[in-house]
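Worksheet: one structure, shown below.
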Amino acid sequence: MKYITTISEREYTVEILGPRQVSVNGKLYDVDFQSISGQPVFSLLVDGGSYQAAVFPGEEDTLQVLMRGALYVATVEDERERRLKSAGGAGVAISGEYILRAPMPGLIVSLPVTDGQEVKKGDVLIILESMKMQNELKSPRDGKVTRVQVKAGDSVEQRQTILGVET
Amino acid sequence: MFNKVLIANRGEIAVRIIRACRELGMHTVAVFSEADRQALHVRLSDEAYPIGPAPSRDSYLRMDKILDVAKKSNAGAIHPGYGFLAERSDFSQACEDEGITFIGPRASAIAAMGDKAVARATVLAAGVPVVPGTEGEGSLSDEDLLRLAPHIGFPLLIKATAGGGGKGMREVRNRDEMPSLLNAARSEAQAAFGDGNVYLEKLVEGARHIEFQIMADMDGNTVHLGERECSLQRRHQKLLEESPSPFIDDDEGFRQVMGEVAVKAAKSVNYANAGTIEFLVDKDKNFYFLEMNTRLQVEHPITEEVTGFDIVTEQLRIARGRQLGITQDQVKMKGWAIECRINAEDPYNNFLPSTGLISHLSVPTGPGVRVDTGVYAGFQISPYYDSLISKLVVRGESRAQAILRMRRALEEYRIVGVKTNIPFHQRLVEQARFIAGNFDTRFVEERFSLEKAEAGKEGYPEIAAIAATLVAHEQTERSAHIIARGKRDTSNWKWVSRWERMHR
Amino acid sequence: MFNKVLIANRGEIAVRIIRACRELGMHTVAVFSEADRQALHVRLSDEAYPIGPAPSRDSYLRMDKILDVAKKSNAGAIHPGYGFLAERSDFSQACEDEGITFIGPRASAIAAMGDKAVARATVLAAGVPVVPGTEGEGSLSDEDLLRLAPHIGFPLLIKATAGGGGKGMREVRNRDEMPSLLNAARSEAQAAFGDGNVYLEKLVEGARHIEFQIMADMDGNTVHLGERECSLQRRHQKLLEESPSPFIDDDEGFRQVMGEVAVKAAKSVNYANAGTIEFLVDKDKNFYFLEMNTRLQVEHPITEEVTGFDIVTEQLRIARGRQLGITQDQVKMKGWAIECRINAEDPYNNFLPSTGLISHLSVPTGPGVRVDTGVYAGFQISPYYDSLISKLVVRGESRAQAILRMRRALEEYRIVGVKTNIPFHQRLVEQARFIAGNFDTRFVEERFSLEKAEAGKEGYPEIAAIAATLVAHEQTERSAHIIARGKRDTSNWKWVSRWERMHR
Amino acid sequence: MKYITTISEREYTVEILGPRQVSVNGKLYDVDFQSISGQPVFSLLVDGGSYQAAVFPGEEDTLQVLMRGALYVATVEDERERRLKSAGGAGVAISGEYILRAPMPGLIVSLPVTDGQEVKKGDVLIILESMKMQNELKSPRDGKVTRVQVKAGDSVEQRQTILGVET
């Protein structure tokens, strides 16, 4: 099974050759990969090197790998997916609507944007109070604010939709 | 003399106090909100009583309910911990009125130090240097403050009179932005402390935040237990503290000068029990009184580790009317201690707080490592209270050993289910400027970027690629089979549905 | 000078050594048997290599495989921990032959002290008092031993020449029972150490087991780090140790006399690195050399806690050729430390070892508590190795504080999935004789009964009745419903089937 | 729901009156009983007293309650069970065959009894080596050894049947 795995814009071709062997960009590695305690924590022996990795789903179908105190954000595609995607043309992932959901339950302290407003990547979309802190949630991209579903003073549940940003 | 103590708090500090009581053979009474029925302080206490709904104002801030529990359970004393009611002079007074020992200073001392403006005036009168600012009496209007600001000079800080922990604090670079910042500070202070009063203070640039631990008995015997370096902060929240301060280090003369001033400040309000005098120190070793925290401090363990003095146990003894067990010349700092505050927040996403169920927990142990915590595997981190999960404290013979020990302890610490700032600390303690002890209160915000720190490291991207690919591969294989429904339901693991979403 | 260390061990001690290496910035290489792929020492090490099947003789006792891994991984040194190959002079020699630093004494010192009979003769020649016994050279036949026994006098002990930890040890009350006990001791010694040789020793009645920690550098500078009281044993296995010994306590003169004799014993074999001299002490403060353990000791942490001296770190430094960091007069014991060995065994069922999956784990933390452990929630305790799960160590300013702290730590410690001896320790540290420090090596076996200790306590039978009834009630309710199959499968909990069995 | 719960030969009549109330021998208690982390560890608040109890199945359908450092072995019967039992006559539980199973995997070092041999309560039935220790397994009652299924030198799996003791 062959995968293209991207970390920090660098591509790694990872081929799973057997239960204990993979290759990365053609280089062979002995690998012993085990889940610990039924948790998304793994013990990984690669050519004798011992690594502990926590692997979590991240934003937009990435996998976050936390290992030796550093975070690696990875996208894993299998060859078939990859071919389909390149046939369909690049840039697909960028378009469409970004939906901002409340990352935790809390209180909307302020909502500095309005429906239809143009925002830049990094602009504050809302300020949410939770765990006694005021937290600014920022736009991950340039775009236009759509479908604002809350107002200042509202309490929101975790994962509740707050607004969208359309490119 | 009391033998049963009610702990009017939650989280790691409630656990800390329960442990101290147990080690003195005292009985403990916990109180808990609806969100905290399964909290560790409830499980570990001898008794536990509900005091209302999750929001603090309906539970942990309800003096009336807490006093009711104290009476019902025959608790002879109340330990307020930090936060919540710890710095409310009316609570201290109410305890006294009910004949219950308040484990902390007298109401008058809390009141004097609690209004930061009054506090500054009081210690100034006692000959303690203060940061230039509005040392008026009590509340000043926006108009007054705007008028006084140019006399102090910009940049300056707006600070909550009632507050602490950076809440209701704003930095002002010029007069124009001041009105809106005053507004924001007041509303934050109102929300956090039920008191919107603020005051102004000169911003000392390149400053270090160094504080002295004070212990005083009811007879006025007062000692300091040396200093703590607390300059590493983000949004005025301390993140990593150490004792001694690398800035003072072996300048014993300077330590004693500051310590004597700290004792003088405490005595100016007839202080009793544990307290902390915070100073700003500039690069020329000028130092200014900032405020006094009239309570146990979050970071008290590092002082315990270097002095060998159990501060919470001593608080209980002092409250029982005992004299201080030590004199100033018996206080010796030995070795070095560092504390990292482990918060449920995502250091890769603007330190956004993180809630959820802790599904797996591996706590670092071994020589020189101490963890003060209020959580366990299976505990739900709720959005109602602050994000402090635990305090990871290490001690070493030297600062270098303590740093290396902290690194290994951070690497061992595994918390699954919520995001934590552990990676932030891992990078912070690797920084050359941290290792050199060369930082001020702006370091974290202005000179340290987690992303840049990681980009600068060599790292193991191939290994990460292997891990990610194998996880994804396993999920593909799994989703190709029919998976028993029950297996999914009881898993904390969201990959299957994620994978299905990807392949939809 | 080496910078990469192979740890030829497993469990808590392998983790302890990895931590020390990490705190010195050294790289680590773990080895593991098939049963230990997920063990903590494998997870925490920088590198890890398999060395064979689960039984120790096929893995952790295989010098050849371990040396292969050392060479393959370019490890410059090997730390043997305790047990396994730690006291095999041929292993120390083999390391030297391969140019790999053995972190421990020279092969000659291990050999001299490893044959207990030779050891006794050697130290006797150096003027160290020994327990009367067969100080012959090497192996004696049963015939010889039976002939010598009456000269020593009964009661006496048969002890394994190669051994330690009570294995291959038998107590003999009279000559008649001696042949069969010799047989049993030899076969146990053969199984445990691959060496069936035994010797005889007078049984000192009412004796305390007190040992001195020795540190020596390669230049022969030798100090002792004070004593450990190890009298609380069961079947010659230590269960609870403390430092200082309450029997020596503040008799500094006696401590120094014993300590000097211990140093003399170590010097008699040109000892280097960490070692322990064990003494028997009778009630009149006569003391006899028992044996020397030429390795790191299980109970080393209590010495670390009272002296502030990191023994494992110092072992690594000494092995690198560094001189001892301290002189004898710099060694100060401060406060009191106690260690409870937490074993996977059922104290209510004849201390039968317990295996299984640790499904839940809550480790005690907070001030003065240290846990050295090799397990975590989700780890499987296998039947292949000893039953030591972890060491719970506390320190306090005084013995009384340490005892109270140990009590609260034991009460906090939760291990679910295997039985542990925690309740045993909880009862032991409550005993009046323990608190008074009034016990000898027979105390646990002859004067302490867990059942009687519990029967003597008031306890909470009504509360237990409520808990049991509610659990049973919930199970009845549950079994009355149809339970999703998957839910059952993933539960570690066996009640449902138990309940069904009951109601069949 | 009414239960008879026996601990150390003392009987407690425990009645479950509601989700938060029980009575023990007629005395009312406010009870808040919660399982922790999905484990057999419980937090129990009884009239304000806070207790942590680990509850495990024990031998012969008992429940073992480990609480504040003491072990309580409890038998819980509901009223109906109890009535049936007393109708059927006492002493039933004592008769029949006791089956000794290996409490852990290990090696049979020695087997000092033979088929048909009479043993007393407390007599050693086998010595099992496990975790580097030799462990004596004793007879819980007087009786006759039956159906010996192993011999010295055998390796046994956990729960493997070793022999029976018949009264």
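When the chains are written out, they are named A, B, C and D in that same order, and each has its own residue count from 1.
Methods note: a contact is a pair of C-beta atoms (placed from the backbone, for glycine too) under 8 Å apart; a residue touches a chain by one contact, two chains touch by 3 or more.
Since we're looking at a predicted model, the values are computed, not measured.
Engineer: Between chain A and chain D, what is the separation of their C-alpha centroids in Å?
Structural biologist: The separation of the two C-alpha centroids amounts to 51 Å.
Engineer: Roughly how many whole angstrom separate the Cα centroids of chain C and chain D?
Structural biologist: 31
Engineer: What's the distance between the Cα centroids of chain B and chain C, rounded to whole Å?
Structural biologist: That pair's centroid distance is 39 Å.
Engineer: Distance between chain A and chain C based on Cα centroids, please, to the nearest Å.
Structural biologist: Here chain A and chain C have centroids separated by 47 Å.
Engineer: Residues of chain C touching 2+ other chains?
Structural biologist: Within chain C, residues 44, 360, 376-378, 411, 491 contact more than one other chain.
Engineer: By residue number and range, which residues of chain A touch two or more other chains?
Structural biologist: 37-39, 49, 52
Engineer: For this assembly, give the contact graph shape among line, ring, star, complete and other.
Structural biologist: other
Engineer: Once the touch criterion is applied, which pairs of chains come out as touching?
Structural biologist: Pairs of chains that touch one another: A-B, A-C, B-C, B-D, C-D.
Engineer: Could you please specify the touching residues of chain B with respect to chain C in the complex?
Structural biologist: Interface residues on the chain B side: 15-16, 19-20, 22-25, 44, 301, 304, 308, 310, 334-335, 360-363, 365-373, 376-378, 396-397, 401, 404-405, 407-408, 411-412, 484-491.
Engineer: In the complex of these two chains, what residues of chain C are touching chain A?
Structural biologist: 30, 37-38, 42-49, 72-73, 376-379
Engineer: In their shared complex, at which residues does chain A touch chain C?
Structural biologist: 32, 34, 36-39, 43, 45, 48-50, 52
Engineer: Show me the residue ranges of chain A that touch chain B in the complex, using the header's touch definition.
Structural biologist: Contact set of chain A toward chain B: 1, 3, 5, 7-8, 10, 12, 14, 16, 22, 24, 29, 31, 33, 37-42, 44, 46, 49, 51-55, 57, 61, 63, 65-72, 74, 76, 78, 103-106, 129-138, 158.
Engineer: Hey, which residues of chain B end up touching chain A in the complex?
Structural biologist: Checking each residue of chain B against chain A gives 167, 188, 191-192, 344-345, 348-355, 359-360, 383-387, 410-411, 414, 416, 422-423, 426-427, 454, 457, 459-473, 476, 491-495, 498, 501-502.
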